[in-house]
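Consider the two complexes below, in which subunit A is the common component and subunit B and subunit C are the respective partners.
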Partner chain A sequence: MIVDATQGRALRMTLDGEEVRFSDGETIYEVATRQHTPIPTLCYDPRLEPFGGCRMCVVEVEGARTPVASCTTPATAGMVVRTKNVALEKHRKTLLELVVSENREVDVDPLRGYASQEVATLVDEYGARTGRFQGQRSGTSNETDDNPFIKRDYDLCISCYRCVRVCAEQEGDHAIAVMNRGFQTQITTEFNGRLKDSACTFCGQCVQTCPTGALGDIKAMRAEPLPGELKKTRTICPYCGVGCSVDLLTKGERLVGVQPAMDGPANKGALCIKGQFAFDFVHHEERLKTPLVRGDDGELHEASWDEALDRAADGFRRAREEHGRYSIYGVASGRAPHEAAYTMQKFIRAGFGTNYIDNCSRA
Partner chain B sequence: MALLSNSDIIEHWKSAAAPLLPVLHAFHDRDGHLSEDALRAVSDGLGIPIAELFGSVTFYHHFAREAGGRDAPRVCTGNICALRGAHELLDALRSEGATPMPCAGRCDQPIPVLRGDKVFVGLTADSLAHGPTPLPPRYPGDGEECVFSAIREPGRATLPGYRNSGGYEGLEKLIKSGSPGETIELVNESKLAGRGGAGFPTGRKWQAVADAEGESKFIVCNADEGEPGCFKDRAIMDHDPHAVLEGMIIAGYACGAGQGFIYLRYEYPETFAGLERAIADADAAGLLGENILGSGFSFRIDVRRGAGAYICGEEGSLLNSLEGKHPFPRNRPPFPVTHGYNQQPTAVNNVETLASVPHIARRGAAWYCALGIGDQAGTKLISLSGDIERPGNYEVPLGLPLQTLLNDWAGGAPHGREIQAVTMAGLSGGFLAGADLNVTLDEPSIRSCGSFLGAGGVIVFDDSRDMVKAARDAMEFFAHESCGKCFPCRIGTQRLTERLAGEAGPASLADWKTEVEDIGSTMRATSACGLGVAAPMITDSLMKYFPDKVEKHVQT
Partner chain C sequence: MSNPLIDMEKPDVIFCIGTNMTECHPVAATGLKKAIAHGSRMIVADPRKIPLARLAQLYLPIRVGSDVALLLGMAHVIAREGLVDRQFMDSRTSGGDEFIEHVKPFTPEWAAEITGVPAKDIETAAIWYGSAEQGAIYYTLGITEHICGVDNVQSLCNLALMTGNIGREGTGVNPMRGQNNIQGAGDCGAVPSHFPGFQSCAEPENARKFSEAYGTEIDAEKGITKVTALNQCGDQIRALLIDGENTVVSDPEREHCEHALKSLDHLVVIDIFLTETGELADVVLPATSWGETDGVCANTERRVQRLRAAVPPAGQAKPDWWIVSQIAQRIGTPGFEYESAKDIFNELCGLSPIYAGLDWDRIDQGEYQWPVPDKDHPGTPILHVREFKNGRGLFKILGYRDPAEVIDDDFPVWLTTGRRLQSYHTRTQTGRSQGIDYLLSEELLEVHPHDVASWGLVDGGQCHLSSRRGKIMAKIKATDQSPRGTVFCSFSFNDTPVNILTGSGYDPVTETAELKVCAVRVEPA
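After this line comes the complex of A and B, so read on.
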């Protein structure tokens, strides 16, 4: 039971005619979500501070003159809330028609990003492809930013500020700026420049929270023309030891992209540049698939693991005999988890009798 | 004098309250624009991420990013100036790099042109002249004024002149023989309500701040006066600045606040200098600062200049702007009375509201209440402009018939013309026309016509004016000033402007009206702040009073 600690008794409100309990500090939207009452949103990302921009989540509260944004309004005891009625649904449809009218297109390939289908899905749900409210379009795509990771297709931007907020609140980079105001609002970076000249670390979180695909994953988008169904497979990022949950995107036998798992316990939708974008090695033609050992001819030759390990062990043994134990220096990989790093230092300390052991993460 | 270095400027302001705006102005004044180098220095010095700082600077239309931009002429092309040839004047000054600016709050004078720290007015390029803010016209009513009751006294703008005409007597009375609780009670009894437009009872606001928990409390005087057709607050600040200060000190005493800010719009540079002078004089006389009049109560006031953004008159935006954040409106609740400046309890009051307080303190709540007509308590300043014989600021008893103000007090439409329509609340209340011109000047009467009195700007259009054009100019202003935070306002003001301009929209009248009504209805119901809620009153009232003109507009 959810109880307000200060009162020692349950707080109650009425949601669509049903009495529900809530705890102090919850917003109407959070209570509704917990009650499995869907409320549409566009600017909402549960990881971020509620913003109240898109106004899709407005609900009626008895006694209030106008509908209120459920994402920013705290639930209060005795509140009577309606999340859906003819008037609210009409406002939501009008808002979506306005959004459609400001964009070049609504339909984008899901390869653009995790949330890229949000607008199109809601537009279809509300039948908002009416062509009403025609006029100027907003946002100017940045065609000159030649970074290899993030497409900046602002013709599709609806100024929900999720990218701005995720960059500041989640990543702490504060790389994304809001330039101008009103219909001239333009999402950009400092001095309207390129991402690589900004504080951006190319973590890709802005791409994955974008509800329109205005920010796109360039590497994944390379696979748009490939045939076959897009499949997601949950796994753990193979890089460092944090253990970020990711969904690998595949088409047929080909890995075409990576998306962070929003419910990943270690990362909650976050990734770094490597986990997000550095997967080309998987299908790279020069990728090593077997051990190689150098022959008497000076060239590398394919070998079995036993041959390779024997050769390495011989080398270490010889170095210690000829040059002493301090000639050995171990560097553990930052990709290794804790347990492997522990084993590595044990191997160097106990095996060779030296404390010359470090980790590449310190470099 | 040697120019201040980047670090001189930053060091000077770094530990001041609300430092970002004055730091930016210091660089803007020194360099004539805000260079990348300056912004990077500010970002480092104040610890504000450069992307956020850059974005916020672009939000304000008076911060120039190009060399020489600060001092290039800005010509008011606001709704009234546009009727008087502002675009021709702008063209005449283009060679000097002139750019347009929205209503600069001098609608009772010829067209204002802002050049750096000075405002010139004139109808043509060679007649531009610099001069003082006009005093309110001689009181034409048979009642009594409050805010303007002493404003015409000689020397009233100086400390000695102010004290000679009863100034600071109210403060002295309250602080020496009253208490904060009694002060709030007095304001409650006077029924004084917010004169900036929202009409919230001032005493209740102060009580909420006094009752709220907080490490420190603040009084913010909203002097942003951005509403087109409103210029009353400047008249008070220029001719009676100590009334504003005294009102703030009393508010601070009542609420338990130690710091006050005056958030002044950029377009009033002379007013800025005048307020700074008045604060220095009050400080020197022991009326501000530590231990005011030996009471143990301390209070300081700082003036902060905006930089060109109508939305900063909305209190959430204003507070964000003061704090150096991106000036979007804040989500409410919580309200400023508990979570205002720096999340501390804050009373945000309009200039006129605060300037009423010293008179109430001196002459009593009953006196103030009785100034209104019938059930209405007190007075309201009306800025009257447009097609009217005697434009200017008038202090009306609440409940005065609009027609009395227009015809008996201000001489009606000039050149024998008829009044076709007036705006209410500057532009935010849309138009009133026809039989609805028979309202009385008070909220219940005006609201019954679907409009509101708001900050008290009334713009008059005579029967020669194109009302569709007037509506388009108004909506263009709202679109220009929409902050871009919420969808209905950001897209809605743009779409309504395009439809009023004939640039987009259905060709059939029925479809055109449905689109305009649907946009308006959603803006009213779902916008995040008053701008988006009010803007469709323009289209609603246009369709209500001038259906034939709308029909003609759509069909041609």
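After this line comes the complex of A and C, so read on.
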């Protein structure tokens, strides 16, 4: 939980030689983040309760026998903390080398998920890309789950439990859990089956928080071979009225996926199956691509914009002439932007002087 | 919503009624789940044992259409137990004493008779909500899609007013809007009763303002609703412009609706796919889709946010506003010389007091919730903080009415309709998104397992489902999510056209259809 430092009692501690203020209840990690002092993490997601599992965020606290996990240790008055020194950096590098040695691959496509580049980025930062440790590996990929949304490539799993925690804490679904311990640790569902047969709602939150790409967005991953740079455009989900912020993933002129906006004012990174996965109707082959006009044969035929707009306008003009201004009615959409609804009501009010306009909210 | 979404984690007592939130507003429901994890208590009233009901500490399985009775019973208990917030009632509301007198006969035992909920559970619900430090009400179409939809909403307001659970953090009366910009359609004046910014059409001053702005004399009286307009098609109404609505599948009484549209002289449909409604049109105009369109939308908490285009339009598709403006210009209406969505949004802000402090650039980050009356205003996350819009909060005296149609020997089963997590409305979008079929490929009529057995049906088998308006075939799923004697179906699948059966009645004020209740017969096929 992020606590506003301006609230409550103003307490002081020393962070990398500088005196900083904090408020009661803040962890060392939260204070450091607020001070723009970077501390590397793997198991941390700011939306979730601190877990302290990965040990990447360890810092030195004066008087403590060993380094402590900054994400779970509360800041206390007078505390003297060092976030960076030779010993800590060596610890972090070794830890990363252990992680990397277990994983089949480190470099995964960013299309896999929002956080999928976290391990690869840290590995580069610490120069930890070595084959230093050989031996056992944990996590077996689930190849039998035939669901079309979530890839379960557990060979890349580092047991940070972010997926398990986001499912429980953020979604309240508790669909996935941890089986076994040590090298046998495996993220799985009840009875070790398919996600479809679990409490999973396919909201995709586990995918988006996974720091290694062990969980991947299958629909987005289809665009991996496409050429071009991956771009993100911030917009709002097209479905219900919650108004979740999303980033549209595009390659060239193609919409290839959706990622939740972690700073979205209405959703703070949360999404549901529709917002996460039901985006590709945009490029569906049945999209209307040209105007259609009903011909004398009673069928709809392709027409030019000019022809179709003239025909549309003629019908309204004729109705007004023959049956008066109360013969024309407009129905606006609850699915189109403000500008559509505004011009629709203005079309009726400015065009015919009536209030013969409504939207689809009554059914 | 009177309160922001972020408040959903804060109430100590949550009262959800007529909202299938985990399926229809799943992200909002995560807030309630967090509140429960932190010790909040939740009451859920719903005819169906929906997932939200399974999360609740207290579930009230009300009979479809009996909400007013439940809420009157709760008001009775709150008054009887001395849980009324006197200070709030005296300083902020009118008609409270009369209301408290009014609810005296409506004992929980009386409400139990009508709702089917045990009287002691009605008492418990009332005592929890009445004693809450922060009590919040959430509702959706299970409240509004009834002939007594307005009474249902006002009954909820009465509860909030008598307990002072409004105008504060973590409280409120909170409708969850169902479409990404249904709030915006109202904000923009696409309603027969209000000009943009909810300025009443019946106020001559407002009609003058818009007549002047638009350069045409505009009526200073309300127009008719879409429901009335559909009834008058081929008669008074001759030409219809529909933007982005699949009226034929989403509206009640499908045959009536199809007949209405077919009897028009002129039907123009703007949409992104050729829908069942577009098939009936004289002219179909291709609109740019979400992801291809720049614009603005407003969510259920009145937050005004930007929609941004990320890919070019499909084929020759054009933004809705461009299409409408072109038609307007071609019939000679002035004031449609727009060059961008920005021009239009800024015009809206200039004419709407609730948007007066906003413009295209200011909403870039989506931090404003209307009303935003001027440029220095921070927005209004919580409504009714110091006073109500019209001064004091008004209690409404109302009584219980039966639904338009009640079960009888010919149609002995209640049918209620709704939505499902994986599909959206008539599936024009989710039905064309890959993978959704894996989870939801067909519609299933939900029937209680005991009813399946006693009506001679088979789980997974077909049945005939008929009402006074028509007959359809449906595939059966045995589930205790439906109570005995009530069946459920969504209207998403065109091959299970449940809206052939619905349309038994309409709320006299809003003309919203009673889509949540109709009497049917279920027979083996």
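Simple rule for what comes next: the second predicted complex is superposed on the first by the 278 of 363 C-alpha atoms of A that agree within 3 Å, B and C clash if a C-alpha of one lies under 4 Å from a C-alpha of the other, contacts with A are read in each partner's own complex, and residues count from 1 in each chain.
The criterion applied here is as follows: a residue touches a chain if its C-beta (ideal position, glycine included) is under 8 Å from a C-beta of that chain, and two chains touch if they have at least 3 such contacts.
All of these numbers come straight from a predicted model, not from anything done at the bench.
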Contacts of A:T140 with subunit B and subunit C, given as first, second, both or neither: neither
Partner chain in contact with A:V58 - subunit B first, subunit C second, else both or neither: first
Partner chain(s) touched by A:A319 [first = subunit B, second = subunit C, both, neither]: second
Residue contacts with subunit A in the superposition, subunit B compared against subunit C: C
First (subunit B), second (subunit C), both or neither touched by A:T130: neither
Partner chain(s) touched by A:Q35 [first = subunit B, second = subunit C, both, neither]: neither
Touched partner set for A:A332, first subunit B, second subunit C, both or neither: second
Touching both subunit C and subunit B, counted on subunit A across the two superposed complexes: none
Contacting residues of subunit B [partner subunit A, same complex]: 36, 49-52, 54-55, 58-59, 309, 311, 326, 331, 333, 479-488, 490-495, 498, 503-505, 515, 518-519, 521-522, 524-528, 533
Interface residues, subunit A side, partner subunit B - complex: 42, 50-56, 58, 66-67, 69, 72-74, 87, 90-91, 94-95, 98-99, 101-102, 132-136, 138, 158-159, 161, 168, 174-185, 188-191, 198-199
Contacting residues of subunit A [partner subunit C, same complex]: 146-149, 169-172, 196, 201-203, 218-219, 231, 233-245, 248, 250, 253-255, 264-267, 270-275, 277-284, 286-294, 300, 305, 308-313, 315-320, 322-323, 326-347, 349-351, 353-363
